[in-house]
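Right, one structure below, let's go through it.
Chain lettering (A, B, C, D, E and F) follows the sequence in which the chains are written, and residue indices restart at 1 in each chain.
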Amino acid sequence: MRNDSRQQNQLRPITIATNVNKHAEGSVLIEFGYTKVICTASVEERVPPFMKGQGKGWINAEYAMLPRATHSRNQRESARGKLTGRTMEIQRLIGRALRSVVDLQALGERTITLDCDVIQADGGTRTTSITGAFIALALAVQHLSKTASFSRYPITDFLASVSVGVIQEQAMLDLNYEEDSKAKVDMNVVMTGQGKFVEVQGTGEDAPFSRDELNALLGLAEEGIKELIAKQRDVLGEAASRIGEKFK
Amino acid sequence: MRNDSRQQNQLRPITIATNVNKHAEGSVLIEFGYTKVICTASVEERVPPFMKGQGKGWINAEYAMLPRATHSRNQRESARGKLTGRTMEIQRLIGRALRSVVDLQALGERTITLDCDVIQADGGTRTTSITGAFIALALAVQHLSKTASFSRYPITDFLASVSVGVIQEQAMLDLNYEEDSKAKVDMNVVMTGQGKFVEVQGTGEDAPFSRDELNALLGLAEEGIKELIAKQRDVLGEAASRIGEKFK
Amino acid sequence: MRNDSRQQNQLRPITIATNVNKHAEGSVLIEFGYTKVICTASVEERVPPFMKGQGKGWINAEYAMLPRATHSRNQRESARGKLTGRTMEIQRLIGRALRSVVDLQALGERTITLDCDVIQADGGTRTTSITGAFIALALAVQHLSKTASFSRYPITDFLASVSVGVIQEQAMLDLNYEEDSKAKVDMNVVMTGQGKFVEVQGTGEDAPFSRDELNALLGLAEEGIKELIAKQRDVLGEAASRIGEKFK
Amino acid sequence: MRNDSRQQNQLRPITIATNVNKHAEGSVLIEFGYTKVICTASVEERVPPFMKGQGKGWINAEYAMLPRATHSRNQRESARGKLTGRTMEIQRLIGRALRSVVDLQALGERTITLDCDVIQADGGTRTTSITGAFIALALAVQHLSKTASFSRYPITDFLASVSVGVIQEQAMLDLNYEEDSKAKVDMNVVMTGQGKFVEVQGTGEDAPFSRDELNALLGLAEEGIKELIAKQRDVLGEAASRIGEKFK
Amino acid sequence: MRNDSRQQNQLRPITIATNVNKHAEGSVLIEFGYTKVICTASVEERVPPFMKGQGKGWINAEYAMLPRATHSRNQRESARGKLTGRTMEIQRLIGRALRSVVDLQALGERTITLDCDVIQADGGTRTTSITGAFIALALAVQHLSKTASFSRYPITDFLASVSVGVIQEQAMLDLNYEEDSKAKVDMNVVMTGQGKFVEVQGTGEDAPFSRDELNALLGLAEEGIKELIAKQRDVLGEAASRIGEKFK
Amino acid sequence: MRNDSRQQNQLRPITIATNVNKHAEGSVLIEFGYTKVICTASVEERVPPFMKGQGKGWINAEYAMLPRATHSRNQRESARGKLTGRTMEIQRLIGRALRSVVDLQALGERTITLDCDVIQADGGTRTTSITGAFIALALAVQHLSKTASFSRYPITDFLASVSVGVIQEQAMLDLNYEEDSKAKVDMNVVMTGQGKFVEVQGTGEDAPFSRDELNALLGLAEEGIKELIAKQRDVLGEAASRIGEKFK
């Protein structure tokens, strides 16, 4: 049995509160169990230098943890004077994942920056961040759609993410911190509303894994992500109505 | 009349939620109107190098704003690779203020770090941080008192802070962002439960101020800080009981 | 009695030599007792990015100490790769103070940078710097007035600064290093020629202070600053004649 | 047909020269087509601080490209003053992958650092680096085995890596730069001599991918990695004899 | 006798391979004994900000060593976050030396960057770099001459460099690492094809040297550099034909 | 004729004031014409990590210019966050030069740091710094000799430095800034009291130079340095008496 009495294929309790920030164009406080992340979407009417003059927009993500989000306090990256490799890796992943469901041409020459700040961590901060950032992004695009006229709606599909892992020869969904520490294989999966993969990152640092294990993990992840996307849809309500309208 | 209909000597609505972080020894989410700050206190059983071997403890503070705490997004200091002068100034102020009510000898060779992270900003982030950090500190010391035996209780008095300013020749208490932008004189006051000053920082960049104006501002600040300390006492409950016991 | 035999309300010997740098538009070597600071004013015909296109000028200050200005050698901030919080705080203070007596509109789109480099330190380096930087600024503006035509004279008033503190229950003027180390309360005051405050920064890290103590300190500071401004007027001679001409 | 006339499941020409550095304990110049990487293994008789006193060793990897390894010149990371996210991500991947086939306990309190320096880049620099770094590591461990006595041989299995991708609906093995730019899905796979996965990193930034596509890509990668491991075995000769002896 | 059996006035074996990089406009792998350096020349059709609008070009050099180029591994400068003084000094020297034989006016508004990356070090890395960088530069200018029309050929003379030193009262040519460690006087000389000095940098940290010793060292260096220039001429072949054509 | 009416072999007016800093163990304000440098020597009873346990001392030098030492203001290196290559090169040169006349064994496990801060620059700041730093060093060692007992006197010889250059085919001694800008060849020479060279750094960036020109420059430099050493001897008085006593 799992240390929090969940079934092997059961997500932690998911809580999502939208519009938690009075300044941001989109914002959400999302919780996967004890992991809590504030995601804000900030719209700017300009693109980074490398994107200029292409008539396309850009989606950027940044990720950080408050120093005491974790069991013992971590030094601030601002005080260290540089980002850790872990932070860079995670924010590159979040940005790449979100861009996969945005039609940058349709967005126009704008940048939307997703800030994912982990207030409390208990495993799965990157998957919680992606799932929450998608909601903040959707809210910001809906907000933008009131003043900007889009030829096509810029969000092409839903997007959510979950972790899976192998613990004592068992595949498990949505690992918490204690489980993550014990897992021999650890995988993060990002999937769209259409059920396609955007990212599959599996690591067997402690023990390599077989094709069968990989398949079992992907199966669990698909289930979990479907549930998460259903929750996103609920929470977004009206803001979800035009997402992926080209598929309809 | 003020832009949020307050009286000249009226604080914004003050909200304080304690123990908002499952890992930290003390934590609080404090709101002065729309300004929201998470303060955590982290206890470590060691002191910084410059304090070693003196049998004394240390209190350290760090301050940051989430990128979208403000009206438009600010670059992260971790991405810039260094702290701004404003951040350094504020965290030095918070640390110095809190140390004034801690008996470092009584604390013993420990460091308590207060992290003040501004989730949403609407003026007065440094005064909100000091007021909240004191609560987180008091909770952490109470928590510590369950296992450590103190010869004297290390917290010697209450401590809170508020801003005051002159707007259109009128002294005002607890400025919000819009007021702060219009104020000709801007002052931050930190005071103890005994009614003594720990910090008085008045700045007349836009217009110098007279001794009379200074006195009017200090009067307002005293009133406001008394109210804040009453709220701290309420919220701390049992954890307040030994604070400043030497005065009793 | 004080360790250098001064009266409680007596400044240290003040020495001011002007035009000590052949390149700078204004320069001064100022000494408050053993504290020696070189202040230079550099005029540039451009403003920082955030001030562009407003038809206004800017005043900027930088502060540093030579490594062996102090009793034991300090590491260079250039070798550390970043400024300390103390340096940032001081240079922000100097800049803010000087801007309070400059009519930026009248100055036009120019930047004057005040560099305050402490050659030898014995307490009061920030107050010595402000007092000296004002003189360098006044010399640079006079120099500029020979070629630029100002609609109004850009310097609106005199400005000087002094420290005060409480040592063994006694308020003292212009603390030297040894006094500063023993002071329970430490205050830096910046005042104009019209006798108004520009900055009041009082800190009671070791012991909080009462309203009465604050008043006694402000009284001493006012006296000291009047003397300093008299010296500035003497030294500036002709260069002082148009300062604050709107008040006449 | 592919731009270099290869079959869909064909590796580029693989060239491996060992002992190319007279100082390093193990070294290799490895080429996957036009991609050339120098990998050196450096043995140090100490471990990083976080590993001290555990009786275990550590494997660390660093990755860099010469400025003109690429079509147009890139700024040096030493001149920029920090590593890019891409570099950090790659060197974390290389280190993690190699650690999966090292018995750190058997290695003892030593660090082996693998430096992968890309001399010329034409796609697949991270997979070339992993494949080459394994050889340098194996040479260094063999070299070490002459003087150190290991209770068990510290290398537990072979390890190699290859990229696969989907171009115009076709799965392709070992993409070169031009192919990589056109691929809709891009995957890096790291596998052991026993045919198990150590890392699977698939990204569909331009287009999400299905379970079937994933399976096709994994199939191709398995084939390619088997070939690469056969080449490693050839090149290592005697130095390969004790690798994974526990499986025998 | 020397530790590698050379005569006092004998260079180490010199090996030069050109066009070793498929991307760079000019490239060379040069070896002075066990010292191996890859030099690439990269042409960009722009000049640094300080050179803009002068109708002149610029030559820039960068230098680095792979971490394991040396006997024990060195930390990467990218990981340290800054260049060492040694690296800065060397790359300034290389750039200055090469500019002395380039007619920047004739080159036009272009920058040629010479990257000298030391693959393996055994003393004399800076002299090997200068000698190799000249070849890479000559190849790049020849390459450029096929598309750009130069009013005058931009390379005005050959250029090579060698080290000399005094070991046990004997002047020696082209010191290897072991010799360099024992030398009391150490000198690097850069000379042109016309036999004139561009740089003479002699250092007697361990023992000052006399005018006679200086003269003996310069004599040896002249001999060695003549040999090196003969080798450059051979290797460049056709690419050498227009160098210094104004002298002919 | 020279722009300041000097003879070709004439130094600028040299002014040396000793003990200008009340904290430093040795200090000097040295002027070569308008070039003014404060040199302080700081003694610490420890050595850098790489020198520990060898029973030897260390001499370290740092160099900086005040921002307005030059005609137009330079950005502070502390604000840039790193040292320029020029600064690094100069401080390495100063340290190396001074170490050549110090018997590190005799000094014992101590570090003497020479800080050379250029207050005003008009060419020759590095040669002025070396010449002044030697005096500060000599004063510090004399000061130290009152409390420490040296088996041998640690300073083995005098040391001074001057620049020479070729302007319009004429060799000139001690170039000022305007001359330096016009010089085709520029050389800095460091020499001992025994008339031996410690550093010879000649650069012909604008035009290579012949052996004859080199000899003429060295001749001028020798003359100039002899004069400088005579002045050092005068100024040091008693503190000079034991320098190089082994030669007597």
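Everything below uses one rule, namely that a contact is a pair of C-beta atoms (placed from the backbone, for glycine too) under 8 Å apart; a residue touches a chain by one contact, two chains touch by 3 or more.
For clarity, every value in this text was computed on a predicted model and none was experimentally measured.
Colleague: Kindly list the shared contact partners of subunit B and subunit C, in label order.
Modeller: Of all the chains present, none is in contact with both subunit B and subunit C.
Colleague: Both subunit B and subunit E are touched by which chains?
Modeller: none
Colleague: Cα centroid separation between subunit B and subunit D, in whole Å?
Modeller: 51
Colleague: Where in subunit F do residues touch at least two different other chains?
Modeller: 81-83
Colleague: For a quick check of the interface rule, what order do the chains take around the ring, beginning at subunit B and passing next to subunit C?
Modeller: B, C, F, E, D, A
Colleague: Please output the residues of subunit B touching subunit C within their complex, sorted ascending.
Modeller: Where subunit B meets subunit C, its residues are 82-83, 85-86, 88-89, 91-92, 96, 99-100, 157, 191-192, 194, 196-211, 214, 218.
Colleague: Tell me, which parts of subunit A touch subunit B in their complex?
Modeller: 21-24, 27, 34, 38, 40, 42, 44, 62, 64, 66-73, 76-83, 87, 113, 115, 117, 119-120, 122
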